[in-house]
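One structure is given here, and the rest of the page talks about it.
Labels run A, B, C and D following the written order; every chain starts at residue 1.
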Amino acid sequence: MKEKIKIVTIGGGSSYTPELMEGFIRRYQELPVGEIWLVDVDAGKEKVEIVSRLAQRMWDAAGYPVQVHVTLDRREALPGADFVTTQFRVGQLEARIKDERIPSLHGMLGQETNGAGGIFKAFRTIPVIGQIIENMRELCPDAWLINFTNPSGMITEAAIRKFGWKKTIGLCNVPGIAEMKEPENIGCRPGELVYQFAGLNHFHWHRVWDKDGNEVTEKLLEHINERNGGTPVNIYQAPFPMELLHSMKMIPCGYHRYYYNADEMLAHSMEEFRKGGTRAEQMHRVEKELFDLYRNPELKEKPEQLGKRGGAYYSDTACECISAIYNNKQKRMTVSTENRGAISCLPADSIVEVSSLISAKGAEPVAWGEMPPAERGWLQVMKAMEECVIEAAITGDYGLALEAFTLNPLIPGGKEGKKVLDELLVAHETYLPQFADKIAELKAAGVETEDEVVRDLLRRGL
Amino acid sequence: MKEKIKIVTIGGGSSYTPELMEGFIRRYQELPVGEIWLVDVDAGKEKVEIVSRLAQRMWDAAGYPVQVHVTLDRREALPGADFVTTQFRVGQLEARIKDERIPSLHGMLGQETNGAGGIFKAFRTIPVIGQIIENMRELCPDAWLINFTNPSGMITEAAIRKFGWKKTIGLCNVPGIAEMKEPENIGCRPGELVYQFAGLNHFHWHRVWDKDGNEVTEKLLEHINERNGGTPVNIYQAPFPMELLHSMKMIPCGYHRYYYNADEMLAHSMEEFRKGGTRAEQMHRVEKELFDLYRNPELKEKPEQLGKRGGAYYSDTACECISAIYNNKQKRMTVSTENRGAISCLPADSIVEVSSLISAKGAEPVAWGEMPPAERGWLQVMKAMEECVIEAAITGDYGLALEAFTLNPLIPGGKEGKKVLDELLVAHETYLPQFADKIAELKAAGVETEDEVVRDLLRRGL
Amino acid sequence: MKEKIKIVTIGGGSSYTPELMEGFIRRYQELPVGEIWLVDVDAGKEKVEIVSRLAQRMWDAAGYPVQVHVTLDRREALPGADFVTTQFRVGQLEARIKDERIPSLHGMLGQETNGAGGIFKAFRTIPVIGQIIENMRELCPDAWLINFTNPSGMITEAAIRKFGWKKTIGLCNVPGIAEMKEPENIGCRPGELVYQFAGLNHFHWHRVWDKDGNEVTEKLLEHINERNGGTPVNIYQAPFPMELLHSMKMIPCGYHRYYYNADEMLAHSMEEFRKGGTRAEQMHRVEKELFDLYRNPELKEKPEQLGKRGGAYYSDTACECISAIYNNKQKRMTVSTENRGAISCLPADSIVEVSSLISAKGAEPVAWGEMPPAERGWLQVMKAMEECVIEAAITGDYGLALEAFTLNPLIPGGKEGKKVLDELLVAHETYLPQFADKIAELKAAGVETEDEVVRDLLRRGL
Amino acid sequence: MKEKIKIVTIGGGSSYTPELMEGFIRRYQELPVGEIWLVDVDAGKEKVEIVSRLAQRMWDAAGYPVQVHVTLDRREALPGADFVTTQFRVGQLEARIKDERIPSLHGMLGQETNGAGGIFKAFRTIPVIGQIIENMRELCPDAWLINFTNPSGMITEAAIRKFGWKKTIGLCNVPGIAEMKEPENIGCRPGELVYQFAGLNHFHWHRVWDKDGNEVTEKLLEHINERNGGTPVNIYQAPFPMELLHSMKMIPCGYHRYYYNADEMLAHSMEEFRKGGTRAEQMHRVEKELFDLYRNPELKEKPEQLGKRGGAYYSDTACECISAIYNNKQKRMTVSTENRGAISCLPADSIVEVSSLISAKGAEPVAWGEMPPAERGWLQVMKAMEECVIEAAITGDYGLALEAFTLNPLIPGGKEGKKVLDELLVAHETYLPQFADKIAELKAAGVETEDEVVRDLLRRGL
């Protein structure tokens, strides 16, 4: 590889960017970054500029000769890029508010990457990933695409299978959190245990072995409902049903609570909604506070408050992955990559989230083998749903979108689900050109949401 | 085969038996029945005796020299049997009342073969099928087991895969109803179209072609929500969402309404429950009326009223299957049999319900090939759930039972589902010896149902 | 379908044509043929004209108003065709002489559909099938392609998978011969037993059951080495090794002798070669005699001598298949069609030869399930080889051709095999435009055959 | 793990043992060996004693407190073992002489791990591995079985799948040789490139990437026919056909020459046989020389001459694997282990030889994904053959043995192959109790070999 590497970050105005900078700064000796381009959309101009100034101050304070550029034109940033990282949110937090509020209004889970919200996040994001890849093909055909954008698994599947960008790796901080937090619960240090992960993004399990080769999975399970159980803090910690977990003999990820504790999670989500605020709305406040901090020209490092956002280890995962590629480390990491038989109950060309070796040639998944029947069923139904979502996101096929909704375990089949689908389509019109005809038809039929917050956003053109 | 065949019907006291008799009488020329044994349990003594007397009158009136025997001892009936048919209900209608009322009490679908009720029907029935097969192995090792008992697919899977009785065929009347009712909707006669079915029992789809080889599936779909759409009359006919069906390009079975129209079906089930009666309780009344008719010594044929019970074509299917085996017909029928690759997304040794050729060597499934993604996901999750249910039914493994509950698309994950599981275990204690330890534990912890009807049944030892 | 059907036979000048006519005449009441077009190439002009005159005399003698047309221009014949049958031989018998003599010269089996000869027959034929399908797409887009041309399995796979003509069925007379000949060996009549076939064209096995459902495969195996064992007469009848057959518990087809009795079959082939004649050369003589008979204007029926050619039941199979489609018979026949999971160890989209139901919608394979390990290995290696052959036939990829040669169990790996490949490429230059560059390179390097017969054919431009 | 580990080496009298000792000595700091037990059979008493004395001198010279024990009773050695390594040869070199000479006599390849010889090596060895595992189950139930005994893949498959010893890892030096030798051909150092291997033992391919992630497989292929191409020196180096290799785009292993260069390899083997010596007989001489050296009480290190035996890096591989387990290294090595989907065209529970991570929990295979068609066919046919061999080795099923012979690509189907099978059975009678009945039958029928060398061995009771 080149002596100095060029990083382009799409969605560079994210409040996470300082963490990413810190990750690069800490690894500068092994990962000689030359220039960093933060790219964002017009609507994010102010934020990306604030962030870029902070980023430059951080690099300067570290004493490394790295230039941070900012642009609203992706095509200006991409030429010569070695790594393109994506952390953008189509439609900003307002879109998330809709994803969370509209299902809630109909008594369903309002959540960003699960249920109806996760499906719509994919609908909005996948076409944009397609456009980014089109630009990359022209302007930086050898670059790696390191995707953090959620729903990370579906985005990665679209990038690799649908848009043909083989050099894509999908990242998530959830496996890393487990590896960092769990060991101390049984008196071990991070790095001492062997972790094997398999499943889908936000829907994986892991098994763990100690340094003598003894499986410690069940020991760790005993602590899963404790404060430091290894679940990301942004997920409501309904206690997992232990008889279920002892039957599967694997450790679920925090997001499994939406499925294994569906009633409590729904109740909690509804309660937040009724209290007048969804998670997106809380984030809005957190973001505002962060950007107030970022503005301060004296700030030259990542502020502590960022850690509370729930994305712990995210940038560590990203920087480590980039370094593993650059330095041909063959490092074991859990990433979203092509299955190739690693999880035998899923198609070989599916994207799965699985323990892999990361080297200059990309990710090589470690074979997991067979899943027990129940988990096999869960994975297969989730993957089937993902396939419908991805295809519908590209083609705008309403029937497929409805199939995905009906199949999704968090959306009850029937009229109410269809209503949520229709209202979300109309509410997100701006970002769903592929569904334009159907949306026109729905609007003509009078479909609109009754949620006042969403109506207000729409009135304001957001 | 022998010149005169011997039929043993387990659960012979069923109100369906007269229809079965009629089917045999109509086919006597090609299927020379010699003797028929109706077997039932002590609790069904009165009913099986009423039915056997009617059955004998029917044969006598037809002028065929067939002897109808009745016994409460299976071992007396089995020696020399050529075909053993099973149509029993462990725990009689009272068990069904519990299966329907307890989930309803917690706001879930109360239904006999879907959701929690279907799982518990399997829990009660599978061990008994195991005992029947044990007797058959000793007393009639060459007999065919023709299973009508629901949930027919899981029972057949247990019989073949778990208890090793390869000569088992699982039957259901639902495919036959579609083949009889649908053609006239597009101006055709039954038998003129080629039907291909694939899926699981009560969870299959079909595609249809006319005599020129043109697919008429979509034409038939247009009529699916009409009165004569082809769905069994015992299922509430919420109109299928047409956009969904046109996307899948296959015709679902009536039971798919529980999934595709989940909210309406649940609402209807809850309404019936609140009105003070479940389907089981309605059946109780219908049965009582039927047996009043059967008692009449002048009755010498199947009474018309039987047709209304919802089991139309059931016995036709059974008699036709038996005749196809006896006469080596290679007849195309839709039955539950070993997959062997016919549905490629399911394990080769799974039991599936699929168009097959029935001959003296049994059922040969016709290869269907691949399913579209959404239907693949549905089938895989349902089959995974079935596997957990069957294994739990045999081993009494509570963790697996909970996995099945959590995975079942009609049971919301979490506390409420677990509560229903626990209450059903306690309510069905008499018929669930495999779960005895867990039930004792639950009772010690004070688990009991609040439903007055069920409490009354339990008080009365039913 | 139309009231009068139009048949187009590509390679109509074949000596088999009178048998085909007889098959149609015999079925005229159920299969109302209106017109028949015999198509052939310039080099076959004389033969196709002789045959067409005989065909017309046969129809006239039968008293049916059918017109037999002859043309050297495929495009003239195709418009409006209902069924296109293919029975042509690219390069006529001279090409077969090369396929048989050149391998023999290097001590390898010289045979038409196995080993090097079979591969080259595919190389010559597949591009032509591609052109025929191109014409059909334009001129008769609804027609069925009924392929008899060998190697029938690979041709059918190319037609369906590579050229996209889904309405293709591949036929072979070998399964039919077994069904006709074997039953009498155990005192049964044809039609009384249930036959299940699975495998590839000229490489399949079957199992058989009697009318009581008892398997009689092993009983039939006892007679396999007798004169009437069920093997086509054109294959040298080296006695099968019985311990092998009893281990597999299936009945191989006659062509399996080339693999199970490889040394004897090779020895016999070499002996024929040394005696100065290959099978192709014997055929040349037989054909000459047949056409002398066909010329006789008094001949108005299929002459008895035709039966000796080895293609018994070929036309019966073809006519029966066409009638099963036309009359929507759902008739059980063994044909080459898409696997769809019927043989679980082969890819779902592979073409396999398997018991199927033939109706207006085409062939539906009956699921066979798993093969025992050894036969699984045989099938998989043969299918892999076929895939290489088909791909090389279309692309002219020499490396793939060499992979196919190396993998073929009847061609020893290494220099000699490569020599045979190179000599055959040069010898068949006229019919292998896809390999033109490689052939030029080989000729420049001085590759030519030493066989005098082949050199003479080449000198004469054949 | 324990502080001091106990190694038991079955077949400890092998001439390789000094290399193994050297490997342990070199790793003593990371792998604290406490005691080593060399186990052998009565016939190897003298050799194992010579070797054990040399081994003890080596440890003493190194200054480490390790005790080398010797025993002819496996049960004495096993208690408390941590690692059991196997490097024995049932029937010593005399058995190899038979494996090589009898096929040669009939014009077939006479080789130790390929063709008829490899099959018989498996027949003799697998039952002994079964007995060793039976002892281990009783005496050292937690020990790892590190198998070097050939045919290593089949032995490992028998150990894991048939005898249920999950803690088995099969080793071979061939992948290691490639990784050590190839890089310098393109100006790189060992360890700098990423190697991915997949296939079966002695039948695998690899692809290679450089530190920038660029595939260098084709560059390495250019050097494969050079002296330092990476093939073990004990294999005759017929030049690989380059067009074949460029088509597959993978690097075959040296043993592939027996298949891709079958004619030259056979010719070379026959020439050696005719010259009066097989490879086994050459080994006999080499061994004799080595033991003459080992006897010298002054010798305190591995003599240089050992390197010429063809087993380079064997012990390095073994010691490294043991250390990777002991130290939980997660080291990438190519070993024979359970497939678990890593090679998608082979059964999940097959043993494959594939790049894996070795840690305290054993081997985790890296997923390779799909093979191109030809290599898929090769792997599938070889694995099917292996399955027949393993099953026949355990059951003594002659039909299956014949199926394996017929399927093996290096044994021509038919009479001659059967003759070789029969003669080898009789020749190896002492070591094949599972085939006793068949051997008696063959002897009664007069089966015996005509080879004078083998007859002489048999006369001498070897």
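As a working rule, a residue touches a chain if its C-beta (ideal position, glycine included) is under 8 Å from a C-beta of that chain, and two chains touch if they have at least 3 such contacts.
A quick map from chain label to UniProt name: A, B, C, D = 6-phospho-beta-glucosidase.
Owing to the predicted nature of the structure, the values given are computational and were not obtained by experimental measurement.
A.B. asks: Determine the set of chains touching chain C (6-phospho-beta-glucosidase) that also touch chain D (6-phospho-beta-glucosidase).
C.D. replies: The shared contacts of chain C (6-phospho-beta-glucosidase) and chain D (6-phospho-beta-glucosidase) amount to nothing, since no chain touches both.
A.B. asks: Can you check how far apart chain B (6-phospho-beta-glucosidase) and chain D (6-phospho-beta-glucosidase) are, centre to centre, with Cα atoms defining each centre and the answer in Å?
C.D. replies: The separation of the two C-alpha centroids amounts to 55 Å.
A.B. asks: Would you mind pulling out the distance in Å between where the CA atoms of chain A (6-phospho-beta-glucosidase) average out and where those of chain B (6-phospho-beta-glucosidase) do?
C.D. replies: Roughly 44 Å separates the two chain centres.
A.B. asks: Need the CA-centroid distance for the pair chain B (6-phospho-beta-glucosidase) / chain C (6-phospho-beta-glucosidase), whole Å please.
C.D. replies: Computed value for the inter-centroid distance: 47 Å.
A.B. asks: Listing for chain D (6-phospho-beta-glucosidase): what residues touch at least two other chains?
C.D. replies: None at all.
A.B. asks: Chain contact graph: line, ring, star, complete or other?
C.D. replies: Graph shape here is a ring: one loop, exactly two partners per chain.
A.B. asks: Pull out all the chain pairs that touch, please.
C.D. replies: A-B, A-D, B-C, C-D
A.B. asks: Show which residues of chain D (6-phospho-beta-glucosidase) lie in contact with chain C (6-phospho-beta-glucosidase) when the two form their complex.
C.D. replies: 238, 241, 243-244, 246-248, 259-266, 373-374, 376-378, 380-385, 387-388, 391, 397-400, 402-404, 406-407, 409, 412-418
A.B. asks: If you look only at chain D (6-phospho-beta-glucosidase), which of its residues touch chain A (6-phospho-beta-glucosidase) in the complex?
C.D. replies: Per the stated touch rule, the residues are 1, 194, 196, 209-213, 215, 325, 328, 330, 332, 338-344, 348, 355, 357, 359-362, 364-370.
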